[in-house]
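Each of the two complexes below includes subunit A, the first together with subunit B, the second together with subunit C.
On to the complex of A and B.
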């Protein structure tokens, strides 16, 4: 008995862990971080924190959000300033999203992320995004149907992910790609609408660690298909007729059901050429003109041609911006290391010759002809 | 040590060797190997396993000539009392220092990853108390405990396998682009994490089995550890870009699983670390045991348990000394050649001596 008691006593003393307590009641959880450069080239940090309001009448508490921002030299320094404004400990361990303003993104996004990797308490599951204009402005929107900005933006991103407009990546999975000289990353591109809402406007293309340009949502979907990264849906709307008077009748909408990508990289006399073939099995979702089976051959041919043209255009844009989201450089390193040694490590992507071919196959057309 | 009270089966032996080998090094192993051999690090790890196997054969050969003597008995038997005692003391000290280094690295990682504000000595004292408790129960209990905690290794395997969904297998290519000497240099880094099998030198008399079975168990353990390590290194190499990224992350395995959160579990690395803690405890217990036993066999006193607090105290003091990364490097550099002397050279010389002098234990069957 005595022994048991003394063990119990020891346990009480030794197992309490008084030093590393982080009490939830003192913590202010940050849900979004925004990084900007202000006009005077100073760093501007914005944080969005949830505010839980006592339920009034209804059973559920209302979660609102509030945004704070501060200028500083680095993210940590700005954070210190914000922490002085807020009652409680600013805690970024549950952060879900990091947004970059265009101004800071065109310089370099890597340095501001260092603190996220260095501090063990930070969440590596956060998503990155680039915002047209200032990122902190996006945190200040007041969406009508959703009182919490963070939830709102995240929902928007999730739905864009499902629709194959943006890839599903976190800060950790991006780290290696960012540091890899043979691959570039693409990030969600967001924009603040006038109506106090945010929209995903496609993909932001990065050249190494710098923001270089953007793609429209439809081109983004095509790019992701070329990367063999299909989400739940991949929808396109294309013009396939000219003669109809009422414009809606000229269009067709379809969803890609199956995707097969073939990528072949070849080196001849130091010249790199890539054959990229996409085989899409699609489901027609909207065709007001009707009677798909009769025109199926024509539609297949026309859609294949159109998407091939689009794919070529996307690749041209990528090459102009020197953004290599396919990791062609990595493939060269892996399969043709000698060629890679001789190539220009910065501009290799511009000189790759692409032959792209998209083949569309209509396999179903809904429950009407 | 009394023999009949401390029986170990040859199946338990497998787990004892595995637990002794896998320890604190596993977290940083991929980083250390990749720094030297880049994407061919996994080949280095395999080679390191093969090298350990050669050493294992030497150790086994020596042990077979003295089936009921542990190394602490072989030493005075072969070399005479004075040199024997001196070497026994050296072994004790060597195990003490190695144990301290493991302890220091353990608390360093805990300090960095989980408990930055808790004083290091607390975490050290806690694990030392646990280890003393494990070790003082005798060899049979130690063996049972090691078997009991071994499933944890599979849990670690599962966690790492999960992160493979974000791997890029192109990072591992081209295979074999580095020359042999670079890969071998990588093996040298990996070999340090393989250490621990020297435990066999001491516990083999207590294993209730034929010599052949002992070798089988010994080899099984080594193959398991080699495959386990190679997988871990491989996994980190395909997860991290092998030139820049893995060089920036000293504990790649932790980083890999830190990014994932499951329904009820966030910061998976904390979960991983708490499992890893047990794996570390077994290897610290191991060195504690061997060191205390060595000290005990110096004098007349037969019980090693009396020396446990002494060794643990020494470990604690020594482990508190390094507090910068540079200290760890110096510590490692000092220990590097010592490992070769105690694990490879001395057993090998003893084996040669016993063959040349044709000294062998008389096996008198009762």
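On to the complex of A and C.
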């Protein structure tokens, strides 16, 4: 009896945890998930899994990737279908990207993400992105310099983040913004190139949970500056001269070094007006015409004007698409709750009056004049 | 339950036996009147052993016997120190000679004991007293650096198997009348000589009392080495952690004596036991004090890092690949998965095989002569390590983990602590393979709480960390400059905590002059 009891006790101690065991060697890692709507309005899930080739002599194994896709009613159902095709357990805990095709993004992106937030094993560090056309096609590209698609797209997004083209957001940070009625999200907008490569083509603007439109990379940078979300670099190229014969000489390129944003929200008679002031300290990176110090006042003035115009244009686009990436609604809720009560909860952003002013100040011009 | 009760009951039974056996050895026996009686007494005492030599001595008026053990006494010394002076002296002078060079006693049992130490006994006819002189044969190893505790700089002296030589080394290093030696005997049937060495002005009297009390309470047939003594007197024998520091280095013992600790020597052992000791003392090396303090601190903190690695790394690795591989950074996932994908064993077995192999290689290397030992090291380390990966039995990453762990474990300067650490790692590995990080957290918690509970002769083992003494941190994880060591550490419970006041007085004098 005693021996039986002690054996039972030992088994209880030593074996209880095996229930939770989750062996890494049996896992098939999913690196990208793609959500699409197929032609017949069915849900189409695509996964990209790494294929590790045994190192032949070299120290590092070569990693390629393979794409599987399956149609189904929901993401989970499609995943079940894919899992039947694959040797091993599909595991999304190291997933890095979730890509939406335009088709499904136009409808609503939230329902497909429900499974990601619900299941604790899912990676919350994944980046969201919207792909022009079908997302699963992007997984099938074969980039020459990087055999693993996931790493390739990941690196492309990281460099876009550094250059302030897309915001540095993950599915976890986006969750609250997406569900907030007073704020909208912007996502990286990707495109499959003809040459078997992917390009970041700016920002996809969302209206609530729907894809509404997009911004060019240059405008995306300006939008992010207005959101006070500067990455490592924020570069612009602008035309500041007309008279030069050789076209290159007409342009100036600069990088924003310091950024000061002032956002003031005012309510008068139920009318919301916003004053948005950007103070940019820039560093001239390229000006073939030369002699910046002499023209510094003119350049400051012209760049300020031009960027102000751009900013106004960007805000107009946003208002047209009813995308509120600044979280104006959230501010109204917090600081002017009475006004918010009276406003149209859906289209409030369209009626906000923006006064934008961008001031550019050249603070350095490299080591030549 | 049965097992523990057996162990706890045993000392009580022994207590009853202890008294008669001790009394027996203390009985007094007078010297017999006739030489024949004395001769037969010794012959009987040593059961007629062939190395017992009883020579009759008849020089002029003196007649008696010379008793010694051929195997313990040096015949040349007997010739030179006893026979020659007696032969050359006059009748009248013999008495003076005997008085001045020999010790006298009347107890034959004492004579019997002394014979075992290499003494020569001279019993004169009709005399109630006998004379003895130490002519012990000494075949000592020269004083050399201990192999297991080598240093780069500093003294290269180590203890030897001779108690007197060891005590001489200590006395030579600490030239103060305050250094006190106390000799004790342990062992019921065969007595071993212990020497208690401490600084009278520093060492805690309570501690010495406690030590003597424990030694008094020890009842064992005989003590062959320090390991026996340690287990008989330490506080918790069920702990994997050593609670007594043993060292063969003279400078180490001297340092600890000056902090108010007590050193215990055993005849015939080159190791010295130091009490009371804390967990952190096991990570110190005389090198720390002889190099610059910044470098000493760096090396010392490296050792503490090494214990964390040695205990936890394999466990963490098992937990990661068995339970939560999502903690791996993105860049690390694919290399790891590519190396473990085709391994046939679960992570625990994989780790156990490798860890046990390393332990086996060590064990084989220790017992073999150094030339074969090297071969075993190469065969074991390189060949097995490489072949096992090529055969696809163990993953590359596991080899890396095991190798780092092994290096970390052996970088702990005290072998006893290194053993403890290597043992604990297996427990944590088991826990990690059943509960993942949760198991490691609980295991580490248990180990830490155990460390906090341990005591070494009344001193908290984990001090100055728990109980916390900010001032004593100066010489634990790091080593601050010597002039910061103004007080002795709290853990030795020294009676005089002040060590120095102005270690760099010249600096202050200079300032005052300005």
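Methods note: the second predicted complex is superposed on the first by the 353 of 369 C-alpha atoms of A that agree within 3 Å, B and C clash if a C-alpha of one lies under 4 Å from a C-alpha of the other, contacts with A are read in each partner's own complex, and residues count from 1 in each chain.
Just so we're on the same page, contacts are C-beta pairs under 8 Å (C-beta built on N, C-alpha and C of every residue); 3 or more make two chains touch, one makes a residue touch a chain.
All values derive from a computational prediction rather than experimental measurement.
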>> On the A-aligned overlay, A:52 touches which partner chain: subunit B = first, subunit C = second, or both, or neither?
In response: second
> Touching A:20 in the superposition: subunit B (first), subunit C (second), both, neither?
Replying inline: both
> First (subunit B), second (subunit C), both or neither: which does A:11 touch?
Replying inline: neither
>> Applying the document's definition of touch, where does A:271 land relative to subunit B and subunit C: first, second, both, or neither?
In response: neither
>> For A:363, using the defined touch cut-off, is the partner it touches subunit B, subunit C, both, or neither? Pick first, second, both or neither.
In response: neither
> Once the shared chain is lined up, is A:120 touching subunit B (first), subunit C (second), both, or neither of them?
Replying inline: first
>> According to the stated criteria, A:63 is in contact with first (subunit B), second (subunit C), both, or neither; which is it?
In response: second
> Taking the two structures together, which residues of subunit A meet both subunit B and subunit C?
Replying inline: 14, 17, 20, 93-94, 123
> In the complex formed with subunit C, which residues of subunit A make contact?
Replying inline: 13-18, 20-25, 27, 29, 50, 52, 60-61, 63, 93-94, 96, 121, 123, 154
> In the complex formed with subunit A, which residues of subunit B make contact?
Replying inline: 112-119, 126, 166, 168, 170-171, 173-174, 177, 239-241, 243-245, 248, 255, 258-261, 266-267, 269
> Along subunit A, where are the residues that touch subunit B in the complex?
Replying inline: 14, 17, 19-20, 93-94, 117, 120, 123-125, 170-173, 175-177, 179-180, 327, 330-331, 333-335, 337
> What residues of subunit C sit close enough to touch subunit A in their complex?
Replying inline: 320-326, 328, 330, 333-338, 340-343, 346-347, 430, 433-436, 438-439
